[in-house]
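The structure appears right after this line, and notes come after that.
A, B and C label the chains in the order they appear, each numbered from 1.
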């Protein structure tokens, strides 16, 4: 598997196949005398902002804290929770009740209508 | 029914792309200032657009992935943030210009000033997007957009010298006012080949669940839809050339453009112009707002879809709402709508290469388009468009400074 | 370096584009792709692809795929300073 081509920036689907963000980052665990292991995938604006610059990442974290919606600027999904790697990446997570979609949930609760 | 839906998507995309305030303004100015000499710019933009729209539809139908999503996946976030940010900024200005177009159209019919109508116009647009589905927006705007055929009638009735019109299809150098000529040429290309059209078409194709069986209809739709739009834009140039050029009228106000149908259609000229402008700008504003929401949602991986209920994709709905709010605020600042339009057309031309460059990779990537990759003609058109839009992007700002606008 | 707060972890997206140097300081190219393979339940890194050919391969741009990318086995790359990956001696 190609981590950049097949995994990074791909669409995340939660266990109900709902779009739940993108794979904004991949964490490798470095081990002595063993190959690095894919430990987790990460999602969150702070993750993706850090790919542009550290200043953007700090700004994203600060804005998130100020607005008080997102407690975790970087959300980690352990590799064991990844159930399928295809065109999209399926994870065994309940998106709407996880930090993945915390803004979506907040908006749904605060906007009127159907 | 599916085929009708496909063609409706094509016509709506064309109405939103071709028959909106930018095309009206640039085509009217081109005809008034340079008669038929800038028809070649329209033709050039139209040909590029037809090919690129077809590619966009093919990509969406085969890969089931949006253009914006594919750019992020293939090129990564740091690359994709640049065109996305540029598009959002330009689209905000465009929405403002389109709201201005609708408000001006209502002003023509009622006499009340533009600023009175900006907020009601934006509310109507928002309600249309919020309450309806993509099909309703497509069919209604495409259907009502047929009023634009009045331009074809007017162009024929004006008896333009066909030999001169034909000469306009061939690029020529201006006799005078070169900066203005080339600035208008660039603005026509920017007005006609707008990034939001690709995102709207791509997203619409996915919402309508196109697949490989849709590819032939996609070609037909691209040709008919964009061809229709280009034909109407051509008739705007012809009408403007026949009405304003002999009187040496330089178009610098929308109020002037309103008279373009009067000599041929009499008392119906102004009301018809108002109706056409209003409908087309309404469609365009909805399309641009939705296109921006699609782009952002797809780049960031949010839930999206005009056919879903707004509460199911709250961030998507919030995005198009913000676009309409910002556009309305722009109009309420009192900025001249025609100046805003011309500036936005030029800025569109500047950001266009960022949208076109990924096509050369995506349309040759079997991972996305399978066996339906570009052939030599398609790749040649993409490379040509990249070169053309890059040149346009480089010269636009200097031309504007030199007094082109 | 970004975000990973654990000392023995590194972010793939922060490695992407980093220049790899050999023991003599010679530039070998930028990291463009990381190849992983299954090892039981785990997904482990097999090798790193660096250089322009690796970029072309990542972009799937056929015309430029004529050359194979420069491949570096996982055990040959020192990631103790992720901002400056270098070949191990």
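Convention: contacts are C-beta pairs under 8 Å (C-beta built on N, C-alpha and C of every residue); 3 or more make two chains touch, one makes a residue touch a chain.
These numbers come from a predicted model, not from an experiment.
Work through the pairs of chains, note which ones touch, and then classify the graph as line, ring, star, complete or other.
Per interface graph, the chains form a complete graph.
More contacting C-beta pairs: A-B or B-C?
Of B-C and A-B, more C-beta pairs in contact link A-B.
Where the centre means the average of the CA atoms, what chain is farthest from chain A?
B
Once you find the CA centre of chain A and the CA centre of chain C, what distance in Å lies between them?
22
How big is the gap, in whole Å, between where the Cα atoms of chain B centre and where those of chain C centre?
Their C-alpha centroids are separated by 42 Å.
Give, as an integer number of Å, the spacing between the C-alpha centres of chain B and chain A.
35
Could you tell me which residues belong to chain C and also touch two or more other chains?
Within chain C, the residues that touch at least two other chains are 13, 16.
Quick check: what residues of chain A touch more than one other chain, meaning two or more?
4, 8, 24, 51
If you look at chain B, which of its residues touch at least two other chains?
76-77
Give every residue of chain B touching chain A within the complex, in rising order.
The touching residues are 64-65, 69, 72-73, 76-78, 81, 130, 300-304, 309-311, 313-315, 317-318.
Considering only the defined contacts, which chain C positions touch chain A in the complex?
Per the touch definition, chain C meets chain A at residues 2-4, 6, 8-16, 32-37, 39, 41-46, 58, 74-75, 79.
What does chain A use to touch chain C in their complex?
Spelled out, the residues of chain A in touch with chain C are 1-5, 8, 24-31, 34-39, 42, 46-47, 50-51, 54, 57, 74, 79-80.
Residues of chain A touching chain B in their complex?
Its residues touching chain B are 4, 8-12, 18-22, 24, 43, 48, 51-52, 87, 103-104, 107-108, 111, 113-114.
Across the complex, what residues on chain C touch chain B?
Listed in rising order, the residues are 13, 16, 59-62.
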